[in-house]
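Heads up, there are several structures right after this.
First chain A sits with chain B, and in the next complex the same chain sits with chain C.
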Partner chain A sequence: MSLELQNIVKRVGADTHIYETSLKLEPRSFNVLLGTTLAGKTTLMQLIAGIQKPTSGKIFFKGRDVTGAAVQKRNVSMVYQQFINYPNFNVYDNIASPLRVAGMEAVEIERRVGKAAELLRLGPMLKRKPSELSGGQQQRTAIARALVKDSDIILLDEPLANLDYKLREELRDELPKLFADRDAIVVYATTEPNEALLFGGNTATMHEGHITQFGPTSSTYRKPHDLLTAQVFSEPPMNTAKVEKRGNQLTIFGNQKWPIGQAGSKLPDGNYMIGVRPYNVSPNKDGKALGSFDAEVLVTEISGSESVIHTRIDNSTWISQSHGIHALPLGSQAKLYVDIDQAMFFDANNRLVS
Partner chain B sequence: MKNLSRYVPVLYVTFLMIPIYWLLNMSFKTTNEILGGFTLYPHNFTLASYQTILTDPSWYSGYINSIEYVVINTVISVAVALPAAYAFSRYRFLGDKHLFFWLLSNRMAPPAVFALPVFQLYSQIGLFDTPWAVALSHTLFNIPLAVWILEGFMSGVPKELDETAYVDGYSFPRFFFRIFIPTIAAGIGVACFFCFMFSWVELLLAKTLTSVAAKPIAAIMTKTASASGYQLGLLAAAGALTLIPGAVVIYFVRNYIAKGFALGRV
Partner chain C sequence: MSSKTQNNKAWWLVAPVFIMVAFNALVPLMTVVNYSVQETFGDNVFTWAGVHWFQDVLHSERFHSALLRQLLFSGIVLAIEIPLGLGVALTMPRKGPWVSVCLVLMSLPLLIPWNVVGSMWNIMALPDIGLLAKVINGLGIDYNYTRQPVAAWFTIVLMDVWHWTSLVALLCYAGLVSIPDAYYQAAKVDGAKTWAVFRFIQLPKLKHVLTIAVLLRFMDSFMIYTEVSVLTGGGPGSATTFLSIDLVKIALGQFDLGPAAAMSLIYFMIILFLSWLFYTLMMKNEDA
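And now, the complex of A and B:
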């Protein structure tokens, strides 16, 4: 039941939307496509669904070549970011529509729609038209329609992006449970690294039409192969700077000296790119191997118990994400401490070396 | 000043209603009264004019002819415009923008330009003096209009709806007729309305392309004198009846027209 993309390329006119990509999705797996807007997530999903055909390359499902197969023959479900429902059908008919098209018996349709509606708490809304529902209910209807048939592949294209915060949280908690006991490959596209971490499963990080890395979510997060993956998979964005390693010392921001820390201790001397996640930068001196720097505060975002401080140092922006309220005035100088043990080192080709 | 803001619209509407009132006024008078002097309301109230129109085939056949070609025209125009508008809204093809503009440019020519060639052509192929002649000649103006209106409504429907339907297993025809057409029903209503309107009020082509058998009501109505002299009451009654279909159609599409405006079309 695995799905395999082999050397898929998608070009539209002079633009390449997907560069040569190979990807193998295991049966019963939850896969996250993580990347910014225009990274190619939607295109990749449409290629999997069969809505678009690849310019070259092949797609195999259960070992069978389905590259040329029509969408209707692929047994996939798809949920879009926009709340897409059939406006002339009520909620019941919307959910029932894929089953009706497949020619299922009325009794079975009723049983399945009832179950899906119950799962997504749409019971009281079945007689309403989509236009009479809230955004959250509309998206639940779309998800119910995707669940109601036994799809081999379920594609979710940023399904939560257009929902407001509370609803997003709520549905985000429910989604993995809905798909947990399904014999299907689930592909979930998102722009938010935190969503990928929350769902677990596998993550493919995407950047400008390339899949930069694919693997179990936690290892993709902790051990990105290259700088690009680390950057895609970091929110707030990862802090980077050029460093020079000499013995037990790092030279950063031109002239600052930092201890080497555990991560880089085994590296040969030379020039590297250092990557530090924002939560390893703090105005509190509580880490172990500490580097520090003085920077100008650009913006401070305080959300409840957490502070995100944007600073400018040596013509680049470094971001600190820490517990506690640090209301630093705009334009002031702040001293920030870096947990170098947790830093990542990349070589001249931006490959992770430590 | 406060009162003025209330009176201005009242005055304006009254002003607009004067010709219609005068038409109705005349239609209930005898021709003698109309020609006899200035009367604000019918002194000798009569329904004779209406009776004549509804019983005399030379009058009521005009309505039947008109309705016939208007309906044929509306059906053809919208049926042809639906797939065309879908193509313009969903696909990018070579020269699509130019083609779209060219379609619209058909509306820029006055109907008089087409009167002669169409008359000559239809005479040769035996279409002259049939409802089809008028219906077909009106499609020249109505198809571009319908394509333009429908394209606006169709582009308002996200293409993800099409994709969702295919993913759910719908074939294209099934999706188009079961989901897409109901979704843009308002647009189809608006397009029908405009096709109806143009075809119903257009006089030049309708008059040129018919003689006896398919003569439209507008042509009958505008002949001021007949064998029996001036029949102004009759003409006024015919005019009043001609307003009715338009009013009925407007009543049905009044809510959709606003939607059409909101979508930047119409």
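And now, the complex of A and C:
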């Protein structure tokens, strides 16, 4: 029951929305498409759904070629960033709509709608119109509509992006449970790396129409093949700088000397690009293999028990994310420590080498 | 211990608006009210007439038939323009170079002065030289709007549809393009047919726009004067004498200021009431 995209290309006029891409999604898997806006997530989903046709390449489902098949033939359901419901149907009728189109018996419809409504805690709202619901309830209704039919593929296109923080957290916890016992391929698009990490499953990182890497979420995060993947899969953005390795020493930011650390110790001497996740940069000196640098503080964001410090060093921005409250005044000089053991090294082609 | 600053300067800023509204709405309206309850024989001599003129107008056969014609005209015009405008809007392209071409073409009739519209259709429909009249007569149908009431009505309705359907179409089009693409995709995924998409997505989403369109078209068609006056002058006989045309005949033709004033107030009340009725009916299900 797997879904396979073979050498899919999507061009619209002179613009290429998806460059040649192959992807194989396993049955009963939860797959995250991670990338910024315009990375091609929505286009890829619409290609999977059949709303758009690929310019070239083939799509196989259960080994059958479905490239030209219409949406209705593919048994997919989809949830969007906007809360899409039929405006003059009440919640019950909204959830029931795909089943009615399919011509299901009334008793069965009632049973299924009841079950979906219960799962999404919409029981008391069944008689209300979408306009009388909160954003969270509207999106729950849309999700219930996607769940109610036994879809082979469930596509969720940034379904939580338009919700406020609390509701987003709540639904984010519930979503994987809703899909856990389903015999379906779930594809979830998001711009937030943290969402991908929370959901687990597989992650495909996307950048400007390319899938840069696809694999189990944790390994995509820990062992990105290249700099781009690491950058896409990092929030706050990954810190990068050119380094020169000589023996047990790194030269960074022009003239600063850092110890090499575990990660880069086996590399041959030469020039590399180093990538350091913000949580490996801290104003506290607590790691083992430490590099340090003095930088100008651009802005400090303090959220509860965590501080994110943006600094300027050697014409680039380095970000530190650390526990505790570090209220550094804007424009002041700060000393930051880097856990080099956790750093990533990329070669001249931006491939991960260590 | 309030230390609130007392400052009345703001009144000076709104004063111009007050003066404008007073001169272009309140003063004329009050003049009409004034006329409607008095009798005059010229020379600025007025005597009190009470509700006499209102009774006169309300019992006049002439007013009844003009009102009926007016209602019939608005009814026909709405019944044609609203569905037609909606239909046109549905077929207009949503993106691409043709959008601006369509929009400009659609707005052309709206840019033409009303009396010019009347003259255009007058010339078009003239039995001896008009293109429209020649074509219709050429088809073997006897058509002469200066003599036949049905032909006159046909011409006026056709003119109004030509002139104003664009407005409905443009309003509906604006409503249609504001529906997010995702709705259409969702409907596609559900397997909904074109008719279902129209009935359950487009129509409900267009509700407010359509309400505005109906209200605008109703009020305008109920007050229509210039085009009809230029085209038929209310004839043949009184076949196309609508309320506004009758009003002008009474006020300026016969110079019966009292009855004319009473009639305009009644006319105004009818428009106000019917507009309220339309609005309430169309918005009824909103809170239900």
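Note that the second predicted complex is superposed on the first by the 354 of 354 C-alpha atoms of A that agree within 3 Å, B and C clash if a C-alpha of one lies under 4 Å from a C-alpha of the other, contacts with A are read in each partner's own complex, and residues count from 1 in each chain.
By definition in this document, a residue touches a chain if its C-beta (ideal position, glycine included) is under 8 Å from a C-beta of that chain, and two chains touch if they have at least 3 such contacts.
Quantities reported herein were computed from a predicted structural model and do not represent experimental measurements.
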Next item on the list: Using the overlay on chain A, decide if chain B and chain C clash or can fit next to each other.
Entry: clash
Next item on the list: May I ask you to decide whether A:Tyr19 touches chain B, chain C, both, or neither, giving the answer as first, second, both or neither?
Entry: neither
Note to self: So in the superposed three-chain picture, is A:Phe60 touching just chain B, just chain C, both, or none of them (first/second/both/neither)?
What the structure shows: neither
Next item on the list: For A:Ser97, select first, second, both or neither according to whether it touches chain B, chain C, the two together, or no partner.
Entry: both
Check: What is the shared patch of chain A, the residues that chain B and chain C both contact?
Finding: 46, 49, 51, 71-72, 76-78, 80, 82, 84, 86-89, 97-98, 101-102, 145
Note to self: Can you tell me which positions in chain B touch chain A when the two form their complex?
What the structure shows: 158, 160-161, 163-171, 174, 179, 182-183, 185
Note to self: Residue numbers of chain A touching chain B in their complex, please.
What the structure shows: 46, 49, 51, 70-72, 76-78, 80, 82, 84, 86-89, 97-98, 101-102, 142, 145, 149
Notebook entry, point to check: What does chain C use to touch chain A in their complex?
Noted result: 180, 182-183, 185-186, 188-192, 196, 200-201, 204-205
Item checked: Residues of chain A that touch chain C when the two form their complex -> 46, 49, 51, 71-72, 76-78, 80-82, 84, 86-89, 97-98, 101-102, 145
